[in-house]
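Below are two complexes that have subunit A in common, paired first with subunit B and then with subunit C.
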Partner chain A sequence: MPLSWILLLLAAIGLAAFFLSRRRAVGSVEGDARRLHSLPLYYGLHGAMMALAPALLLLAIWLVVQPMLLDRSILSGLPDDAIPEGSTPGLVMSDVRRVADGIERAFANGAFSEGDLTALTTEDVGAVITGGGTALGTPLTADVLAAARDYWLARGTLAWIMTAAVLGLALIGAAWAIRRSDGAFRARNVVERGVLVLLIAAASIAILTTVGIVLSMLFETSNFFRQYEWTEFFFNTTWQPSFSGRGGSSELGIIPLLWGTLYISLIALIVAVPIGLFAAIYLSEYAGKTFRSIAKPVIEILAGIPTIVYGLFALITVGPLLRDAFASPLGLGNSASSVMTAGLVMGIMLIPFVSSLSDDIINAVPQAMRDGSLGLGATQSETIRQVIVPAALPGIVGAVLLAASRAIGETMIVVLGAGAAARLDLNPFEAMTTVTVKIVSQLTGDTDFASPETLVAFALGLTLFVITLGLNVLALYIVRKYREQYE
Partner chain B sequence: MQNDTAKITARGVQVYYGDTHAIKDVDVDIAANTVTAFIGPSGCGKSTFLRCINRMNDTIPVARVEGDIRIDGEDIYDKRVDPVQLRAKVGMVFQKPNPFPKSIYDNVAYGPRIHGLSKDKADLDGIVENALRRAALWDEAKDRLDAPGTGLSGGQQQRLCIARAVATSPEVLLMDEPCSALDPIATAQIEELIDELKQNYSVVIVTHSMQQAARVSQKTAFFHLGNLVEYGETSRIFTSPEDTRTESYISGRIG
Partner chain C sequence: MTDATAEGGAGHGGAGQGSLLARDTRTARRNAAESRFKLYGLIAVCIGIAMLVLLLTSILMNGLSSFQQTRLQIMVELPEDKLDKSGVRDPEVMSKVTTFGYAPLLRDGLEATIAEAGIETDLSAKDAADLISDESVAQLRNMVLANPDLVGQTIPVEVLASGRIDGYYKGRVTMASAELDSNISPEQLVLADQLKAAGKLSTSFNWSFFTAPDASDTRPEAAGLGVAILGSLYMMLIVLCLALPIGVAASIYLEEFAPQNRWTDLIEVNISNLAAVPSIVFGILGLAIFINFAGLPQSAPIVGGLVLTLMTLPTIIIATRAALKAVPPSIRDAALGLGASKMQSVFHHVLPLAMPGILTGTIIGLAQALGETAPLLLIGMVAFVREYPESPLDGGLFDPATALPVQVYNWTQRSDPAFVERASGAIITLLLFLLVMNLTAIFLRRKFERRW
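What follows is the complex of A and B.
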């Protein structure tokens, strides 16, 4: 039975449980809903919850676990020589699955009949399957055919068992909930607990995903360090991957990339923090209501521009302008791609992050602080400098660190603005590149996930993750430490 | 004990918040070295009028003040008067204690630093100590001048705010319901303090508590719906009010 049918039936059972529970509860008090412990709706919800929640959970687990167990059992049934030279168990299994799908289709359109199953030969099936438009990785062997037949049979049986189990569980849950529904039953409290479980589940998914990302990165990174010396990775000052993979050794030192990342981020922050902060102060303390209601959204539009568009701006406008205006006359090089270009444009991109957050934070400083300072005869700018900004400092630092995280993770602007050459240089008009750009370039094109040149991307990614995580922790720490400054 | 030279004279003061006419034609003379209480029901305009005296209403964009208010005969709404300088001369203490998120010392030193009132660090230390003594906070705070002012109790915070206002050596001290966020013991301390402060300053206090007005003030003004209904000696206002509205308010029939 297809999955959609199971879901439809479940929905029907849930709906029935909803109405039956509610009716039974209302019936138990002779229709006088005031004598119920909870509103009738809660009895219905309780019924639906009990019918659906366990059944859906079983369905989800089953769908995840069944293929894993089935694959393992079919593979263990295959003789060792069924896996040809140069192939892997995974490839053979996907052939088995394809043949099983072909058999299923053949039965569905009447090419085979029930009695044929045991008598099928490789030629018959091969012809039918390729005729049905399925391509096979290797010529069909008797072993694979046998495995496919077992696979298909087992899959069919398991699907029926699953359907029966899921629907059975739903019916049991529904019946139990309906039986419990009488006037004294505290359906409201049970539903409340169900809501709590739902919320906890949502929160755990976010946390578990983070853990999963870190674990997968850790796994690949440990693979990389098995092939490449970690001291070389962290302390070598040259980045020179050899892409042939064979012959010619690679030098994969992270230092030039980290330097480029930090240099560009620093310039971006030097641009973004003062401009963003001053804009925020103007908007929140000086600007009139009308101006503010126009200017704030306009500044925030900057945050909505895709970074690739900023990259184009850097490539076409800012890069050549900086080269012609500063770099060439000053004799600092004649490259249009430069750290300065990428940093400036990235800084513009970050302005709304700093200004919008700081604006909110400055607005959150109580009016009593302003009154107190103005009442002592301070001017507006004295008040801002000595009272408002110090009071808002934790939030402002948080905004700046958020912008820093963005700058460190930015890729497109760097590719187009600063180029892709890894270089360790102090000259801001020289082309350099960052960690993220190199992650992209190591993973695009023909990649072999066993070579250090590819795996280094994961080590780079993990390093970057650790750095931004550190920044976030620092931001949290600062905000916590100074949180109770006013009030 | 009464000194009848008028420190502040107000004539025909009108205040508008946008279209709302908040203060209607108020005339009042506030004497030096006296505590003057403004009483009246919520929204009667007493706080608004208080904020006219140090031009704090200037910070509200929709507020508009008309009429004539003079301190020592000088029109404070004259174009040549710098409101920032005026507010150093007319200190203000607010309803809720609002110490800055700084140390106790920096809170008190804030005004003197801004106005350049001290010659050197020792001088500033003296100003701070003096202000804290005036506000009866020195004994409690002298060992922790570097602790944040927000860490003090509510009553201490309010006395810190008084010390902060006193530190700029104002001539007039405006208090906008200074005890409404405090418990009875802290209130008693502040009231005692107000009584001492009147030796050096003209104190104007807005209060919701008629007992407080009776306890601390020598003159009382009763505001109702933006009008100054009655103004006179506190003892007279509370014993034989002339206006029936005043009588109704202090006897608890309206308010």
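What follows is the complex of A and C.
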């Protein structure tokens, strides 16, 4: 039975439970709703909740667990030599699954009958399945065919068991809820507790996401370090993946990538921090109300522009401009994509980031400090330089750190503006590459999750995650500590 | 400004006695420093604004022309003996005639049009036919297959001009560059000019840019955003359907019910960290969990939507919590005082009052998700997709599709410079969508915002 039918039936059971529970509750007090503990609605909701919640939970768990257990049992049933040289259990299993789908389709078309399966040879079955629109990667072997038949039969049986279990559970829940519905039953409390569980589950998704990020990267990274020495990864100064010669000949050192990342981020910060800081100071201390109300949103538009737009800007405008105006005449190279291009454009992107964070922090400095300084005769700029900025310094440092973490994790600008050559160089007009660029290039196109060239992307991702997380935590710590001083 | 007088006698200013009215050199210096400092600030603000202007002009200058397209108007004869030998007008049978069967028809049509306009040209019919986009043949075939009764008639057709001709009228191709280009010759450009003078070639608004699917490397003139817009729309639907309820539920719990304990702290720290995790890390998560582990298909809007949901959640949660916090406690107290349960006071009173703020935050989160590119690259949305996905009810969420920003990236990787124009045009489209979303958010805020 397809999933949509199960869901539809569940909905029907839930609806029936809603009305029956409510009717029984109202009936138990002879229609006098005032004698009920809760509003009639809650009795209905309680019925629906009891019918649906356990059944849906079971359905979800079943759908996740069944494929895993089934795969394992089918794989353990396969003889050892069924997995050819150079293949993996996963690949064989996907073949089995494909053949099983083919058998299912052939059955639906009426090309097979129950008896055929055991009698027919692999060639016949292969021909029928291929004719039914299933592409087979390798010629069908007897082992795979047998496994596929078992898989298909087991899947069919399990689907029926699941349907029965889920619908049965829904009916039991509904019956139980209806039986409990009488005037004294505290339906509202139960329903509200159910809703609260739902709210907690939603809030916990944030934790699940973090756990998912960390686990997925840790798992693949450990796979990577099983194939590639970790000292090589962290200390080798060459990045030279080779996709032709599996393993061995590839050199996957992270240092050139980190260098490119840090160099570009540094240029971006050199652009963004002074401009952002001065803009924030001007807007919060000098600008009139009208000017501020126009200029602040205009600068903040820069923050709302997607990074791909900056990337394209780097690629078609800034890159060629820098090459023709500086790099070529000075003899520093003739590449349009360069550290400078990516750094400048990223700097522009970070201006609003630095300026609005600093703006908030400068505004949080108490007015009394300004008044005190001005009252002692300092000029406004002296007040700013000697009183306000020192007072806001921890917050500003926090803002710069957050901006740095943004710069390090930024992808599209560097993909389009920085180039792809891993290089340890000081010339800012040379194309270099970053950690994020390499994650993209190793994980797009044809990927083979058994080779270190692909898996290295997860190690890069984990490194990136740890660096940015560290910067964020440090920044938040500094900002928080600073805030306590004045509040 | 006058503080120098206090210490003036102690050696500054030199005159021995400072005056409140005359400025000594030190005051002048300090005043100069003051105005310099102010100027730096003004310059910084101006640089920020100038950069925005520069960015937008650069994109507009490069991209506006993609909304115009050069087309040729020719009469094409559709002979029965070539297209439908059986004469039954059955599309099934007629589909045996491939695009090779249609190409000569367009060539003849163009030749006839040239002759009819009285244009003298030395070009062979084949060279002249290079004016027409390769894509037009397929379009003509689809048109005939969709309406078999056209066979046997001579119909007026509007066909796409080739990318180089299109570029000629947009200033990208010149007579000088055509000399060096193997794809186009100056004679062909002259012919195009003559056709234009005869009214057979014209430039008009490019609707197909928004509806057509992507096209191959050699046919930039036919490339459109149809599949990408649809894919982005599907993903936004998923993000809206998942992130809004989950985000609101999480915020309600954290703001209204959560006790002060370790678990709550952990959730809070996680949310603030997730907001700052680089977007590409979410792409790795999507690849590892949704594709490799859960076995969802690559390039599918469902995976993109899930990844973007996880990315958008922190934004929505932060905005929703701010909106809930802004509802004064007196509302809650009044509801509780009248006998409502805590849950009822939240869902019946606080939530409706916070709704405008929540919607504003959601729209801003959606806008952020719409422009996100990096995670989508990792889950295979860079693939070349020409088929429109089915409707979401028919499993379209699992069909391959691309997204607007990914299409931009895709086009920047092509060699033909005509794709740069297309990419910029796609960016303008993307920015227009974002503009509309943000204006809606501002409108909602202005219209429904309450000050308590």
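Points worth noting:
To be clear about the criterion, the second predicted complex is superposed on the first by the 270 of 487 C-alpha atoms of A that agree within 3 Å, B and C clash if a C-alpha of one lies under 4 Å from a C-alpha of the other, contacts with A are read in each partner's own complex, and residues count from 1 in each chain.
Rule of thumb we're sticking to: a residue touches a chain if its C-beta (ideal position, glycine included) is under 8 Å from a C-beta of that chain, and two chains touch if they have at least 3 such contacts.
Just so we're clear, the structure is a prediction, and the values are computed from it rather than from any experiment.
Here subunit B and subunit C are compared by how many residues of subunit A each touches, and C touches more. Of the two partner chains, subunit B is the only one touched by A:391; subunit C is not.
Contacts of A:205 after superposition: subunit C is touched, whereas subunit B is not reached. Of the two partner chains placed by superposition, subunit B and subunit C are both touched by A:382. Contacts of A:369 after superposition: subunit B is touched, whereas subunit C is not reached.
Contacts of A:338 after superposition: neither subunit B nor subunit C is touched. Residues 376-379, 382 of subunit A lie at the contact with subunit B in one complex and at the contact with subunit C in the other. Interface of subunit A with subunit C (complex): residues 67, 188, 192, 195-196, 198-200, 202-207, 209-210, 212-213, 216-217, 219-220, 274-279, 281-283, 285-287, 295, 298-299, 301-302, 304-313, 315-317, 348, 351-352, 355, 376-382, 384-385, 402, 405-406, 408-412, 415-416, 436, 439-440, 443-444, 449, 457-458, 461, 464-465, 468-469, 472-473, 476. Within the complex formed with subunit B, the subunit A residues making contact are 288, 366, 368-379, 382, 386-387, 390-391, 484-487. The part of subunit C that touches subunit A in the complex is made up of residues 1-3, 6, 30-31, 33-34, 36-38, 40-45, 47-49, 51-52, 54-55, 58-59, 62, 245-247, 249-250, 252-254, 257-258, 266-267, 270-274, 276-285, 287-289, 292-293, 295, 310, 313-314, 317, 341-343, 367, 370-374, 377-378, 380, 382, 405, 408-409, 412, 420, 423-424, 427, 430-431, 434, 438. Against subunit A, in their complex, subunit B makes its touches with residues 54, 56, 59, 61, 84-89, 91-92, 94, 96, 98-102, 110-111, 114-115, 148, 150, 161, 164-165, 168.
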